[in-house]
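The same chain A turns up in both complexes below, where it pairs with chain B and then with chain C.
Up next is the complex of A and B:
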């Protein structure tokens, strides 16, 4: 069979096993990323573009200057949350790809409740309360939305991947229908939108940065979810269910409750991403709420191997690639879909790298199964 | 003509259903083949869009729309081979690979399709089934694309072939039990490779219909998710090619309902009408799924129904 040995020496069962596993958790995605970048370089080289020049531009557009770094963080903020929306149910063994729909529904809920709270905007305390309420509504709506595929899976045996995919389309249709129909602000002429939020209710920036607070929410939730998954009995039970649902049932875990909680947390994260998109960026709900953050979140989660802590660097990396989009277009005359091609390469390489899991020996006495 | 009323809606619905159902038909037959071999390809949306782009480009360069259809089938088969190849690796999840191919396929299509948005490619001709009809809406409704007829014939051929030919039996065996196929001397991975490639080719042809007949242009918003919905449609049709045909017609009709109603002045709810097939699929999945065991008629090796 395929073997991939980077270090020589006989494998011995060992106390350094954890190190091998840690090294593998880093090495596999890095290996995949490198392979994808090389393949992408060859791809654009075929179009007469110097890959090194492209790499330099991506670096400059993503992390090279203070401005581009802030741009990267701005792009990473929703990815942190939609990455969690994919990763949390995945830990419980559910492949729910409904982040896009939950984001849209969360944003819509925030945009509906926001104008109704305009009366609170006068005092600072009132504004803070209204903002909290708006975000909470977005999170609740997203949570309820993603609980649908989880509940259908558990109680009806409906495949959660397909139901969540269908729910995405339904959510986007509901958004478009409401934005162009009953909820349309008569003042929005060219681009239909809901009634805009009062400026006093808009969310501010992270102190010291010109990046909206969604970044802080994302970081806090990633760390919180990481602690939840790796340091609590709930996370442990989730992992058991993800590994073997029958075993989870055998040891008396309430699988239905576990699935619903995981889905609700995931939906709340995606809903919060939508709510911050409305309350910090756009000011109202428009068709552009469905900008694909939910789908990019799937890639983020896979690259992070569904580890909430790892979502942070991965989201920043992919946010950086997205942020360098404009530079690539302007300087190298590449179409705007170039970044999507790169994402596709990365995604495929990451999945293909899974086949090496457990077979990569970076350290003497790494895992020897396989 | 303006006061045709309900009859006009019915005619528009009929014509629209046939037009709108053709991509559904091809993609769902392709997905049906792939799933019967025991693997699910969620990436057919990417294949469809890529097929649409390559069909348009090839038709533009060669001047022949039928060469465009061929190019779309080839590109679809290549993407299918990529999917099958990746899924043959141990521990690689076919659902995730499908999502990845959706991203890659649409990305590649938009990348290569950028210069194709402006020029006009030659379109596939329509077969006028009632050239003598004086009644314009009827004539329009009976202008049928040959691809639709090919698709219908294919549904019948698959229906017969899956039950009565050796390749059909091998395919279904690989889908129901890889071990049994191996015992018969067939490698299930190889069977799935062929099935996924055939499925990809059909999805590519579905895309060619979009760009070369209806709506008949290339742009980035060309597909309205036909590739995604085909996956659900196959489940709806319970992995039976003939049922795929009827389901495609039904879905096409649902999609045609919005424009047909618009023609008599009902402008409300276009988006909801477009989403109706998705909601319908979900409702059917909920109604027919069972909390215990797989769906009736599902290939036993298929991951999504376990």
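Up next is the complex of A and C:
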């Protein structure tokens, strides 16, 4: 086959393989998305709703106006960070689904340290310092939290998926206990919350947008993590461990250190998402911190195949679907679960499409190599 | 790995390609020229047999009014999502009056929005509007403890074991007030009656609600009521165990034909139709609305066939006094369940007394801890 393609004067094998991969990387998810949209259209048509009208509303609610686009970006912001929380350990071969817990613990840390820093709120420089400190505390707390399942995995052989899932439950219980008990602001009557941050310490918007700075944090960290994973020796070692931990040990990689760093980075991302939730949105820690961003992040990371760069468009896509929810409910009288159905179709279609990975080149006249 | 950037472009293109057909359709902005657009925002499902359904029934009453267009969104978390839903109703539709109906929406989200959109009116369920809050915001709530008191009287007559049960979400003032009113009502019939309360920890935890109801049944308790977002699980579980039940939020009689005695229901239609009529007439909207049976903001479920005549007679007599406005539920002396006197003899805390909205104790005879 190889000689056959060469004889025809086709591109060199390397070039051909690269081109095939690129075409596949575009075609597969595109086909999956189309299939998901068609299936969703059929689904709502079965309920007597015009699929084109729904498509028009989804477009308008997600991307069609400047307001909608900002709404989409706002919904994507926390998913960028919680997506990383899933994706980074996954690169190292660990399926850690503890983003929700790390987010909650990060938010809690921020809400605990925040009121203590109220004295810094008077000057702009002091406020900036206090904000940095609050976010750093959130990141540190999240990092430590996700290092637990990493450490348990490495040294005790505990399944990290189960332990991180259980840690989510523990984190939420700790949050509720503290918010309704020792940390409760006596002024928060019917919605128990911690003492609110001074308004001067609240984080603002990204300049020019009505989207809080969490979006900027997410974008910067996704790009940073992408570079780290794809352009550094640490990222390379992580990939080796993710592919084959024994091989990683054989070539002398310090697997324990690598796992702990990957978990710490992941936890820091989720912790930052939680701290941002407190410092830019809620102003205090409440039960609303556990809003499911951590779990949505799992979906984002899998759709992005744990590629930090790809998390950005995937988060925007899911943010857009979420942003269009309101219009679908208001104008077509569809229940809230409608967008969950659409998300489900997208998720299943993209995952199913992955099973065609490496096979699509058959129709391009190539062959499956290796 | 050069897949990252290409994946991102492809995903965005996929999204835009798939929906391009709808884009031009949506450019036409649907405006109802003269209709007053009113938005309702719910934290749970509109058909939850509970808190949200009560509000949705109020919204349905508004829909029947001429010259209005009702916009509804359900299952909106108490996060930035509710801000974006309000924004979306105002920016993408033309909502001029919004009813965000969940406790947790008020501070900071409704207050922020009221400052951002001074021409839009916001009325929130359950919050405590004060003079320093924006004038285009406001809060409303009902003295549903009056109905709980009447339920308690009926339960006191029907119970043979003299042990009542209460499944509650969180020990916050509004919940404690209901537990205490229910217990005080029952103790009017027999001073030895106790109410065992189980806090589940959150507003919607169906599994825990079922477990709590079963635990109450196992203790020989024979009448159960609740204060969670959806009483459906509690009422159905209790019916299955052969217990009597008192409902909450809306009429749950269809769920428990054998055991449903009566219930404490909201009648939000009164409040919503009042606000909308004022708005249509160009009158300023009240900022702080409270009311009970007298104002028609709450109502009781029709008595079940098994409720004896003596119970009906006593409950109806008290109800007539409450409607007339000359009955005080929280009338001293009242001790809490640690033996401490919380209301001294001769002291009356009438329904409008804000002291009651800060309740943090359980009355003597309640078995449980705040």
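Throughout what follows, the second predicted complex is superposed on the first by the 348 of 370 C-alpha atoms of A that agree within 3 Å, B and C clash if a C-alpha of one lies under 4 Å from a C-alpha of the other, contacts with A are read in each partner's own complex, and residues count from 1 in each chain.
What we mean here is this: a contact is a pair of C-beta atoms (placed from the backbone, for glycine too) under 8 Å apart; a residue touches a chain by one contact, two chains touch by 3 or more.
None of the values given here were measured: they were computed from a predicted structure.
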Checklist entry - Does the chain A-based superposition show chain B and chain C clashing or fitting? => result clash
Checklist entry - Taking the superposition as given, does A:176 touch the first partner, chain B, the second, chain C, both, or neither? => result both
Next on the checklist: With both complexes overlaid on chain A, does A:162 touch chain B (first), chain C (second), both or neither?
Outcome noted: first
Next on the checklist: With both complexes overlaid on chain A, does A:267 touch chain B (first), chain C (second), both or neither?
Outcome noted: neither
Next on the checklist: Looking at A:142 after the superposition, I want to know if it touches chain B, chain C, both of them or none. Which is it: first, second, both, neither?
Outcome noted: neither
Next on the checklist: A:83 in the overlay: touching chain B, chain C, both, or neither? Say first, second, both or neither.
Outcome noted: neither
Next on the checklist: For A:299, using the defined touch cut-off, is the partner it touches chain B, chain C, both, or neither? Pick first, second, both or neither.
Outcome noted: first
Checklist entry - Once the shared chain is lined up, is A:114 touching chain B (first), chain C (second), both, or neither of them? => result neither
Checklist entry - A:58 contacts which: chain B (first), chain C (second), both, neither? => result second
Checklist entry - Which chain, chain B or chain C, is in touch with more residues of chain A? => result C
Next on the checklist: Which partner chains sit in contact with A:288 here, chain B, chain C, both or neither? Use first/second/both/neither.
Outcome noted: second
Checklist outcome for this item: On chain A, the footprints of chain B and chain C overlap at residues 176, 180, 335-336
Checklist entry - Taking the complex as given, what residues does chain B use to touch chain A? => result 42, 82, 86, 89-93, 95-97, 99-101, 103-111, 114, 225, 228-229, 231-232, 235, 268-272, 274-275, 278-279, 281-282, 285-286, 289-293, 304-305
Item to check | chain B partner contacts - residues on chain A that touch it in the complex | outcome: 1, 95, 97, 152, 154-159, 161-163, 165-167, 169-170, 172-174, 176-177, 180-181, 295, 298-299, 302, 335-345, 347-348, 350-352, 354-355, 357
Item to check | Sites on chain A touched by chain C in the complex | outcome: 21-22, 25-26, 29-30, 33-34, 37, 52-53, 55-65, 67-68, 71, 74-75, 176, 180, 189-192, 212, 226, 230, 277, 281-283, 286-288, 291-292, 304-305, 307-310, 312-314, 316-317, 320, 323, 325-327, 329-331, 335-336
Checklist entry - Contact residues on chain C for chain A in the complex? => result 1-19, 21-23, 25-27, 30, 39, 45-46, 71-75, 77-81, 84-85, 87-89, 91-93, 103-104, 106-108, 126, 128, 170-174, 201-202, 357-358
